[in-house]
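Each structure below appears as structure tokens.
In what follows, chain A forms one complex with chain B and a second complex with chain C.
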Partner chain A sequence: MQRREGLAKLTGRERYVDDLPLEGALWGMTVRSPAPRGRVSAVRFRPDVNWSEIVVVDYRDVPTANEILLIERDQPVLAAGYVRHVHEAVLLVAHPSREMARRAARAVDVVVAPEPPALDFRAPPRPEQIQFGRDNVLKRLQIAKGDVEQALARAPVVVEGVYETGAQEHVYLETQGMIAWLENDVLVVKGSMQCPYYVLNALQHALGRDERRVRVIQTPTGGGFGGKEEYPSTIALHAALLALKAGRPVKMVYDRPEDMASTTKRHPSLVRHRTALTTDGRLLAQDIEVVLDGGAYVTLSPVVLSRGIIHAAGPYACDNVRIVGRAMFTNAVPFGAFRGFGAPQTLFALERHMDVIARALGLDPVELRRRNLLRDGQSTATGQVIRDGTDRIAVLERALALSGYREKQHSHAAFNAAQRSQRRGIGLATFYHGAGFTGGGEVHLNSRLQVAGLPDGRVEVLSANIEMGQGTLTVFTQIVADRLGLAPEEVVIGEPDTARVPNSGPTVASRTTMVVGRLIERAADDLRHRVGLDDRARGAAVKDAIMRWHREHRGEPLLGEAVYERPPGIAWDEERYQGDAYAAFAWAAYVAEVEVDLRTCTTRVIDFVAVQEVGKVINPTLARGQVQGGVVQGLGWALMEECKVENGAMINNQLTNYIIPTSDDVPPIRVAFVENPYPHGAQGAKGLGELPIDGPAPAILNAVAAATGADPRAIPLTAERLMEIVERTH
Partner chain B sequence: MTLSIGFTLNGKAVSMEADPAERLLDTLRYRLGLTGTKEGCGEGECGACTVYLDGLPVNSCLVPTYQVRGARVETIEALDPVQLGPFLEQGATQCGACTPGVVMTALWISAHPELLETHTVRELMAGNLCRCTGYDGIVDAVATTIGEVGEGGRGKGEA
Partner chain C sequence: MRVLLADRVPEALGLLAGDGAAIPVAGGTDLLVHWPVRIDAHDRTYVDLSRLEDLKPLRWSDRELVLGGLTTYWDVIQDERIGREFPLLVRAARQVGAIQIQARGTWAGNIVNASPAADGVPVLMAYDAVVVLESGRGREEVPLDHFYTGYKEMRRRADQLVVAIRIPRRPYSYQVFEKVGSRRAQAIAKVGLAVTRSDAGWRVVAASMAPTIRRCPMLERLLEQRVQVAHPGDLVPAITQDVSPIDDVRSTAEYRRRVMARVLYDDLRETCGWP
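Let's look at the complex of A and B:
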């Protein structure tokens, strides 16, 4: 099936939040902290603005709790006399003219009495920098399996390595935006977001409104990638506060520089590996330390760290594993959810480290992985026994065959010998990604979903899961239509409006198709039962029964329902971090071929093959597009995307100097799927959205290492950075 | 101070007062209700705001409205959807925020196939940033529109 809203998007008819007409609305703008840490000693309103025309909101206008509700409640909606990061929101202003509102925001001086900020998450904080607990550690987590110390002491070979990754900006093409207004006594907030119920909960908490007096509606969302998981709660609260004070609708839409400077990014990381092996490359012990920069508030860092450490040991069998992780408080703009959620960082370190090991042992990188990849019956770092029947070696072999890996190794040797300054190389990464929430997360979410039968015989999916480009509308339509034997046009996907749809959970963690899709199937079955049909009834029989039901129950809603049920045989021990971390893993092997120009040290990816096993592929075009987009985003993170920071502020917060890949920077991304249907996902599907960003960075750097003989350990591997390394190597 | 101007927008005459600092992008979106043209960066980097000015694609975020006086402006709203089949089939749109700009540039390329004698589709599309698709869907759609198989015969992105 083709993308359902595709034509609306291609013709420009799709209406995003900034496209909605809004009578009598004010534009809202944010006044932000100029300093990374300190007491706000004064707020001055310069007289060049007519302040009687401007609506001004500060922390005293927050009705109930000046807290943005998430895992913790440490982040204020508006700074209350103290700031912890540059660009922290201090004041809000609104005016009917966008230009006037902008001028007003610029005419406010926030004066901060500076205090010593903590700006380097890698260095232990000095006493005067401590602002969280006793040591600025936001969260500590640990995984232990077997006896690492003993294995390290006895091993014939131990290889160590330190790996670093930088922050990454999402660059969803549609910036953050929200509108808010009062409808009688109901506060309506509408905008670009991944998680309507997160926004609803945050509004209820800070504004003291019960759910009948606040309503959240998602507008078509122009990309999210995790950047619209938690941040929309902040801008929604800001728009709501202005609207409540002004008594008029308020619209807030960030321009690109504001969005880049003040919203979340991918957590920077530092990962240390100490690995014990036999001389023929079998893993004996993995000792791993993961440190993340969390930024100035807790936000989602504990769960990003959790996913990060669980993925840190990779898809390999090893009896002795110790992974310790910590997320550090710093006075940086808080880092947040970004596609992959901690896993890309730790998998970059691991997969680069595997090649470092291979080089140390004089072993072929493919062989090293082949010897250690998990076989069914073996267990991951958390002791999760894998028995999904996927042939992980076959996934690897397929990637090698499609990429012409062996042939290219030979042709590169000849090419490199013949060329003066061009060097080619090929690199590999094998990895996995757990789908759905970690551990008991899906049980806690307790997602609910409804499929309604409409009086005209069509059916409507009522879900809080949203479309942001990844294909929810299309895939949900396919799942219902297939289940009930209906045509796609007979399926309606309801607008994610918290006044209408149940909480089917956030649109994150590669859970929408696998977990929510399965709820749709079950709710569709329930609908069939409610109209007196069994699971074999399809098509006209279903439509007729729905219409008959409505004739007999005029005016009543007809709703099939489903609530999340944990797949059988899954158990997780949150205390010990042991057990089944994810209901299912997707598996992959990616191969990158690069050409490096030794004069300029620029790296060009000239071929890329992505092979993965994600269960049954429900929509090949959409699935392929997810992989290609994820690979290119990963390529950007690996080679060019660098957040330059000065005194806690991003200084290249524009698309002119924060460089993301263009069509001319990337080769065609060749995608293949190995299919092994997963019995507990919709139509046999597993999660897919995040997997593709885990593999490109290590595969590309491994290729650069193969091409140049250099040994890069950090990304982004910009030309400047590679030049330093190459100069050191030669 | 405002300036009186007249221009042709999607085949119809328009006259209005424009502030010298006003961007064509804002005029289209906020004053004329043509919200198909998107803003991605506001500084000429992303191409989401692409419109045709006298038949040539330009970034409307960089064009002061008063400068289109007497000119012909065409936006995504004026395009014939019949041409868009390949874009749907190839998965050229995901979130859609870049899409109107991408379509404007892509259709301009397919109307000027002579450009492909000196440039690749990837080079010609490089002014339109897309964060979702990885560009294969877009490049393949353009290639299909101009009757080519795709780059190196494997533009479909299938290995």
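Let's look at the complex of A and C:
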């Protein structure tokens, strides 16, 4: 099936928020904090701008609550006399000319009386740096299974390791953007976002408007990767405040440097492992400590930490597991949602650690994993018994066969002996990713979705889930068309507009196809029932029945509906952090082959194999695209993407110096799927979107370790870092 | 923003002389970077060179290759004869940005932009290129290896245009260009090297290793004197005298020094008979 919005994107006709005409609009710009922490002692307006032409908004203009509604309410819409991170929004300005608005923003001096910032999440804070609770810990979580201390004390072998990952920028092609205006008394906010209802809730909360007086509409979104999960609430509030004060439409679109410097990034992490094993490599105990840098506000750190620790012990059977996690307050720009949501960090540590263990025990890394991979009937760290019928060892074997793993190990040995400065190596990672919200999250979301029958016999999906390049429009179309026996053209996907669509939950957490897709199937069934048909009715019968219904009920809406239902047999104990953390896991084995140039310590990934079990693959092209994109993004995170920070501010906030892979840096990526349909996902699908970013970094670093004999433990493994490590090794 | 258009070189020179602060624009691939946020740049006056047909073609004579003031990387890539006689020009051109930049970016723009990390300048310098400057007051020629006087400082007055780049034709017995970037394309050099050998002697030019791109006299002397080098580390004393790399947003001084030594050693090993 052709991608629904493909032609519009290919021909440049798709209209993103910045392309929308907006009569009489003002351009909004943000004045930001120059310092990581302190009291705002003065805000000065320099006279080189005619301030009578400029609309100015500060925290006093927030009508109801100066809070960005999220898990906590600690983050102000605009700083009220105190700043907690560099680039925190202090003031907003607007003018009909973008250039004048920019000049005005530059002509404001925010003077901050500095106080000692906490800038290193790894170091215990000094008393004068404490700004959250007693110890700057934003959130603590713990998982316990068995008796770790006893197992460690008795074990024949204990291997320890410390692993670190850096921040990562989303680099969505379309930067953050929002427009806002008043339509009579209704505030309309339109823009680039993943979660229209998050934005709606945030607007209602801060502006004191009930849902009839606010309306949020998603525009075609040029990439998100989590960066448009929670952040759009902020820019939406800013655009709305300016529009309300000016009484005119307002448009805010960040340019790249502003977007990179002031919006969220992936949480940096530090993970410690202490692992007890038998001499032949069976896991006896995993003792894991996870520390995340949360930044200056809570944002989503508690749930990122949650997913992080749940994935930290990996897809292995181990009777004794202890995982303690904490997210630290620092005066960094707040970290936020990013594809994988904590799991890539902890899985990097774990899968690198598995190779460190293998080396310590003189075992083959493949064998070590084969011995410990979960078999059906065994349980994860939270005690979730896995019984999905997937053969995880077969997934691994497939990856080994596709990559020619054994043959390459031999040919590399010969190559490395013959070459002066080139070294080749191969490495792997076996991992999993839980789909949908963690624990009871999906139950709390209580997602609702409708499928409408239109008078002309077509059907329309009414959902709050959005297209951001990943293929929602196409897959939703396929799901309805298949369910009702319709042609793709007979399916309409409604615009995500909170005035029209029910809250089917956020477009995050690899939940859209699996969870929301399943709601679509059930709502389609409900629609069929409402027009007097049973589940076998398809095609013309459905269309005719819909048209007949409309002739008999003129002017009335025909809506099939579904509300989330927890799959049977799933239970989660939030207090003890035990039970079924996810309704379903996707499983994977990735293999990377690298070539390292010892002169420059540059690492080039020369081959990549990605094998995964994701239930049923609904659209092979899109699924392959998700995997390839995840691998590229993972490669960047592993080898080159580095947020360089000085006194709490990113200094390489432009694409010249924030290095992401080009097409020439990307190896052939061979993707294979093992299918094992999941009974509670649409057509048997499980979540896929995030899985592919979990595996590349550890697989690539394991390959570098194999190639060079070095033992890298932190990413990004830039050439400069690898050179230091190689120098130390030799 | 004020843009002045000129159809002929004298007219352009007149505009530059008339408005002391006017800035020539060739491909614009340096001048327009981050344009929307560089508000101060919007208030300046620019002279668009794109219609100056006289500056476009490159010319060959018996003794030299002459690039025009508007010759692009793409023009050079397309010229088979340059590929044969001055292969480093083509090699460097192919590593500038990607095809869009290669098609717009000019050699003269690369010289006057004066980035210490430029790719065009080191190969030109290794071929003893001479910069031909012209203003209403006449012509002047400055050898490229004497052109830069400090970081982004050079022997060019604001009213002068680069109208040509002269490159003497000589047989080369050795020539290599190396660009070490942080990815395989669209990268700014962390270490750049151009090395040639002809009857005129060795030329070793380093980029991203000092405030300006520059020749390395100690290394050149070491090569002229056929000093035996057993190991990349043996090159470090000369490198330390020739260049002064720094830690910056792209790399570290230590990394740059080490890589320069290793790459030079590895490249020259066979030619120089080093172990």
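Miscellaneous remarks
Just so we're on the same page, the second predicted complex is superposed on the first by the 730 of 730 C-alpha atoms of A that agree within 3 Å, B and C clash if a C-alpha of one lies under 4 Å from a C-alpha of the other, contacts with A are read in each partner's own complex, and residues count from 1 in each chain.
In the analysis below, contacts are C-beta pairs under 8 Å (C-beta built on N, C-alpha and C of every residue); 3 or more make two chains touch, one makes a residue touch a chain.
Given the structure is predicted, the values throughout are model-derived calculations rather than measurements.
Between chain B and chain C, B contacts the larger number of chain A residues. Contacts of A:652 after superposition: chain C is touched, whereas chain B is not reached. Contact with neither chain B nor chain C is seen for A:336 once the two complexes are overlaid on the shared chain.
In the superposed model, A:668 lies in contact with chain B only, and not with chain C. By the document's definition of touching, of the two partners only chain C reaches A:420; chain B does not. Shared-chain residue A:255: touches chain B and chain C both. Put simply, chain A uses residues 255, 654, 656, 662-665 to touch chain B in one complex and chain C in the other. If you check the complex, the residues on chain A that touch chain B are 2-3, 5-16, 18-19, 21, 170-174, 220-225, 255-256, 402, 468-471, 609, 611, 621-622, 624-625, 627-633, 654-656, 660, 662-666, 668-672. The residues of chain B lying in touch with chain A in their complex are 29, 33, 35-43, 45-46, 48, 75-77, 79, 81, 84, 87-100, 103, 120-123, 125-139, 150-152, 154-155, 157-159. Of all residues in chain C, only 33-34, 36-37, 39, 42, 98, 180, 182-188, 190-191, 249-252, 255, 258-259, 262-263, 266 touch chain A in the complex they form.
Considering their complex, residues 98-99, 102-103, 106, 255, 257-258, 420-421, 599-600, 602, 604, 640, 644, 651-652, 654, 656-657, 659, 661-665, 718-720, 723 of chain A touch chain C.
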